[in-house]
Every structure is written in C-alpha cells, then in structure tokens.
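Same chain, two partners: chain A is paired with chain B first, then with chain C.
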Partner chain A sequence: MPAWFTPATALCGLMFAISPFLIANAPYESTMGLVQKIFYVHLPSAWMFLIAAIVCGVASIRFLFRGDARHDRLAWAAAELVVLFGIVTLVTGPLWARKAWGVWWQWDVRLTASLIGWMVSVAYLLLRKYGGPGSDKLAAGLALFGMANVPFIYISVNYWRTIHPTTSVVPTLPTSFGLPLWFSTVMFLLLFVLLLRARVRLEEQRAELDELYLSVDG
Partner chain B sequence: MLRKDLMVEVRSLEIAYTTLFFAVSCVLVFAFALVQEGRPPADGAAGILWIAIAFAGTLALGRAFERERQSETLRALLLAPAARPAVYVGKLLGIVTLLVAGEIVLVPLVALFFQAPLLARPIWLAIILVTGTVGFAAVGTLFAAMLVRAQSRDVLLPVLLYPITVPVIIAGVRATAALLQPEVDGEILRFWLALLMCFDIVFVTLALWTFEPLMTD
Partner chain C sequence: MMSILGVMVGYNPGDLATDWASTVVLHAQQPEAVDEFVPIDELPPQDQLPAAPLLVVAYAFVVLALFAYLVSVARRLGAVQRDLERLQAELKRSGRT
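== the complex of A and B ==
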C-alpha cells in the first residue's frame, strides 16, 4: 500500500466519527424538517455512484481497445463501488421521498436512470463472477453499452415530468447547510478513493499470485 | 450469412416454432392474469405485445447462438474470409427476420385477446415494430455472440440484455400506446419513433465497432 493509505484511512474514520455531530447541528430545513438531513448522505453517495460509474466506463473502454490488464482491474474495482454507493443512494432516496413526495418511488428520470445504471453494474459483476474465462472483455463491452445507454434512458424518461430536485440547488445553499454537505462530500470522496485503492491492490496481488503459480507450474 | 441462417432455419423451423409458441403462451398467461370479467386493462395491449416480443426475442437469441456453438460453426464463420462486421450484420438480419415473422402472428393475437385496435393503422405499427425489433436485436445479437464462450450463458443473456434495452421497451410501448388512442397524437408518435431510430443507429454502430475486439480471443 502507498504511504498515504494509513493516515488517509485514519482521517476518513475521524471524519465519519465527527459527521453525525455536524449534521445534527445543522439547522432544520423549514418545509421538510428532520427528514431533510438524510440529504447529507444521499447527495454525496449519489455523486460517488456517478464518479465510480464514469471511472468504470472509461477504464473498460481503455481495456477493450488497449488490452492493458491494469485498466481492467480498475474497472472491476469501480464497478463494485458503483453497486455499493448505488445501494446507499437507492435506499436513502426513497426514505426521503416517502416524506417529501408522499411516495416511496417515482418513475422520475434520475431515479430510473440510477436504477438502470445500478442494474447494469450488478449485471457486470454477475458476468465477472459467473462468466468464466474471457468474461473480462465481455464485461468491458457491457460497461461500454451501459454508458452509451445513459442518454437514451435520460431522454426517454424525461418525457414524463420530473420532480426530483435539480443540482442547481446546491450552489445556492446557505453556509449552515453547505458546510456539513461539503464536509460529508469530502468524507465520501476519501472513502471512495480508499476503497478503490484497496480493491485494485487486491486484484493486483491476485494477478501476481496467478503469475507465480504459472511460473511454478511451467 | 443471412442466406445460410435462413436456409438452416427454413429447413428445421425449430427456433421459429418454439419461439412463436413461447410468445403465444406468454400472451395467454397475460390474458389469464389481467383480463377480468371479459374486460381487458386499459392500455395494456401495447405493454403486453412488447413484453412478449422481448421474452421471445431472448429465447430466439439464445437458441440461435446455441446452435452455432454446438457445431462449433461460429468459430468457422469467424475464420471465414469475410469481414467480422458482415458476420454480425448477417446474424442481426436473421434474428430480425425471425422476430418480425413472430410479430405477424403476435399482433392479431394481442388485438383479439385485449380488444385493442392494433390493426387500425398497420403501416405505422409495422414501422414501430421493425425499428424497435432492430434496436432490441442489435444489442441482443452482440451480447449473445459474446456469451457463446461464457459459462451460464442462458441466465446471463437476459440479465445483461434487459437493463440495456430499457429505452427500446419504453419507446416501443409508448409509441404503440399512442397509436392505440382513438385520436392519434402525431407529435408523440414521431418523438418516440425518432428515439427508436436514434437508438438503432447508435447501437448498431457501436456493435459494429466493438464486434471486432470483443470476438477476438
């Protein structure tokens, strides 16, 4: 592991320990009240969900056309994080929506696109796990198609009316709301980088081990 | 390539019969589940037609490539002195022909069971069905071809295919539903049809582009 890994893990743990106090001390939002606080988890994890998906897609395309196994390991690690942060997003979202919109789920464009994106990444992991030999390339192809699909899902669902709050809300937030939000965003970003690094490292070691086995056999 | 597939298919008709019968059973199951006291659910016909097409399409895709795998002919095809994209296009056209043949039977059946005026505007319906089927088959053919070498391919095909083809299903159902209204809203119909065509173009291009690296061992 690189030298920064242990201090960064400690920092991330510390931030997770502090964050409940910061969130608890943030003022109540006037119309939604307590339930709005879930937003400090929902929004950062949704961003990490998106970042992980982009990392996975870009790494997959590079692997498909360059054939470098490093990109493949990165894509795999990122796909697992898509599923992880996707679960956080898809669980915290309905919890909030039940209070704010009165329904658990709405076939809104963001919700649908997130759900489909999450399903594609689950399919990616299933393919990696059960596809057998050669599934690395197939999975990369799936990631590529999944990326190409996003605009279509967006347009097709957007044709129904959308009620999800837009991202343009974020820069206009007052400091009292903004500070815990940015704090938890940094915290989640740190967590994302740490998990990604650890996961890539695991795959690197596996690949090394395989090579050693092969050299012993040979 | 298309001629070869069609010839094999016409001689045995195995996939055509099984797929068709499966699609008909699908429609029947929906009819039993949804038609209550002789009244079909409002606007149900479009959805049921597309579900039947998607299910039957998955089955046909799986079988079409299973046959290639059993006799190792896909390898031979890839070794043949034809461009890889030609192999893909041939397979795609074969699947589309098969599915369109199935739809010819499915449409009157759904119209009958769900009392929907599906046949009122046959030309529009045909355009929607063909563009939708091409989009579904474009993704399906590539994935099925990729999965030929993978384990547990029967389960993985629908798992991979359905999330990717969601826009096709949405657009197909919406366009068909718009067609079934007493007063057809031309604008809505054109929007969904345009989306289907864009999807077809983008995904056929992508598949042609990635077929080469994906099918190389």
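== the complex of A and C ==
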C-alpha cells in the first residue's frame, strides 16, 4: 500500500467519529423534521455512487482502447463501489421517503434510473465472476452504459419534476445544514478513495498470484 | 362582472363561482414544492422524534454495509496474501525463483 494510505485511513476514522456530533447538532428541517438527517448519508453516498460509475466507465474505455490490465483492475474495483454506495443510496432513500413523501418508492425518473445504474453494476460483477474468458471486454462495454446513465440520473429531477427535490437544494443550503453535509461528503470521498485503492491492491495481488501459478505450471 | 362573463359564454354564474371556489380550495390544499431546507429552532415535543426508527435503521444500514464491505476486502486481501506467500515459499524450495 502507498505511504499515504495509513494516515488517510486514520483521518477517515477520525472523521467518522466526529460526524455523528455534527449531524446531531444540525437543525431540524421545518417540514421533514428528524428524518431529514438521513440526508447527510444519503446524498454523499449517492454522489460516490455516481463518481464510482464514472471511474468505472472511464477506466473501461481506456481498457477497451489500450488493453492495459491496470485500467481493467480499476474498473472492476470501481464497479464494486458502485454496488456498495448504490445499495446505501437505494436503501436510505426509501427510509427517508416513507416519512417525507408517505411512500417507500416512486417510479420517477431519478429513482428508476438510479436502480438501473445499480443493476448495470451488479450485472458487471456477475459477468466478471461467471462470464468466463472474454468477459472483461464484455463487462467493459456494459460499464459504458452505467457511465452514460450518470448525467441522466443527475439532471433528471430538473427536467421531469416529481416529489424528489431538485439539484437546487444543495447550493441554497444554509450553513447550519451545509457544514455537516460537506463534512460528510469529504468523509465519504476519503472512504471511497481508500476502498478503491484497497480493492485495486487486491486485483494487483491476484494478478501477481496468477503469474506465479503460470510460472509454477510452466 | 363574473355574472356578465358567465352569461356571455353561456355559463351559469353560480357554477362559475363554484368552480372558481373549488379551484381556490384545491390550490390551498396542495403543499408547496420543497426546493430548499428551512431550519427551525423548536418543534413541538410530539414531532421531535417522529421518525427515529427510520433514522436509526438508515444509519445502522450504512454502518453495517460499509463495515461488511471493509471486512470482505480485508479477508480477500488476506487470503490472496497467504496464497502468494505459500507459492513463493514453494518456488523458493524448488529453486525456481
């Protein structure tokens, strides 16, 4: 692991220890009350979900055009994080919606597109695990669809107005709401980078192991 | 004025007034779209913890999901590391490194 990994892990752990106090001290939102505090994990995890899909897509494009296994390893690692942060987003969202909207789920464009994006990444991982030879390139092609979905997820709420808040909420947040949100976002971003690095390291070691097995067989 | 307009378009003025009133009631019943958060200092006691179970489940799920993934990556890394060390030792013993 690189030299920055351990201090960054310690910093991330410290931020996770501080964040409950910041979130608890944030004011209640006037119409949603206590349940709005789900916002501080829902939104950062949703952003990491989208960032991971972009990383997976860009790495897959580079792998398809250059054939470099390093890009493939990065794409695979990012796809797992799409699934992880995606499930966090898709579970915390309905828990918030149940109280704020009165329903667990609505088949509006953002929610549906997010679910599809998440399922694309699950399909990517299943393909990598059970697809056999050649599944790396097929999965890379699938990752492009996952990435193409990202801007659609982001802007959909502004074009198809539903009960999901628009993208104008975050820029207009008062400091009392903004501070815990941005703290939580940096914390999730740091966690994302750490998990991505650890997961890439796993693939590097697997590649090394494969080379050793080949040399033993040879 | 409303009666004159109603007569001109062949509308019963009474109906027109009822429609207008029902439209006003409908608009009054529709909640405002929430596009920004507004902080308040105090809530009535009965509203202070209205959604505690949902909030607890959400945060518990986040912690458990992240922890489970962390453990999963650590276990996989450990298993590959052990395989690597075993294989390297075997290669060393057979003098093929």
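Criterion: the second predicted complex is superposed on the first by the 201 of 218 C-alpha atoms of A that agree within 3 Å, B and C clash if a C-alpha of one lies under 4 Å from a C-alpha of the other, contacts with A are read in each partner's own complex, and residues count from 1 in each chain.
The definition used in the following text is that a residue touches a chain if its C-beta (ideal position, glycine included) is under 8 Å from a C-beta of that chain, and two chains touch if they have at least 3 such contacts.
The structure displayed is predicted, hence computed values, not measured ones.
Of the two partner chains placed by superposition, only chain B is touched by A:S135; chain C is not. In the superposition on chain A, contact is made by A:S45 with chain C only, not with chain B. Once chain A of one complex is fitted onto chain A of the other, the partner contacts of A:R199 are limited to chain C, with no touch recorded for chain B. Once chain A of one complex is fitted onto chain A of the other, the partner contacts of A:M119 are limited to chain B, with no touch recorded for chain C.
In the overlay built on the shared chain, the residue A:K99 is in contact with chain C alone; chain B does not reach it. Comparing chain B with chain C, more residues of chain A are touched by C. By the touch criterion defined above, A:V91 reaches chain C but does not reach chain B.
Comparing the two complexes, no residue of chain A contacts chain B in one case and chain C in the other. Listed in rising order, the residues of chain A touching chain B in the complex are 64-65, 116, 119-120, 123, 126-127, 130-135, 137-138, 141-142, 144-146, 148-149, 152-153, 155-157, 159.
By the touch criterion stated above, chain B contacts chain A in their complex at residues 139, 142-143, 146-147, 149-152, 155-156, 159-160, 163-164, 166-167, 170-171, 174, 191, 195, 198-199, 202-203, 206, 210, 213-214, 217. By the touch criterion stated above, chain C contacts chain A in their complex at residues 33-41, 43, 47-52, 54-55, 57-59, 61-62, 65-66, 69-70, 73-74, 76-77, 80-81, 83-84, 87-88, 90-91, 96.
Every residue of chain A that touches chain C in the complex is listed here, in rising order: 27-38, 41-42, 45, 80, 84, 87-88, 91-92, 95-96, 98-99, 161, 165-166, 168-169, 172-174, 176-177, 191, 195, 198-199, 201-202, 205-206, 208-209, 212-213, 215-216.
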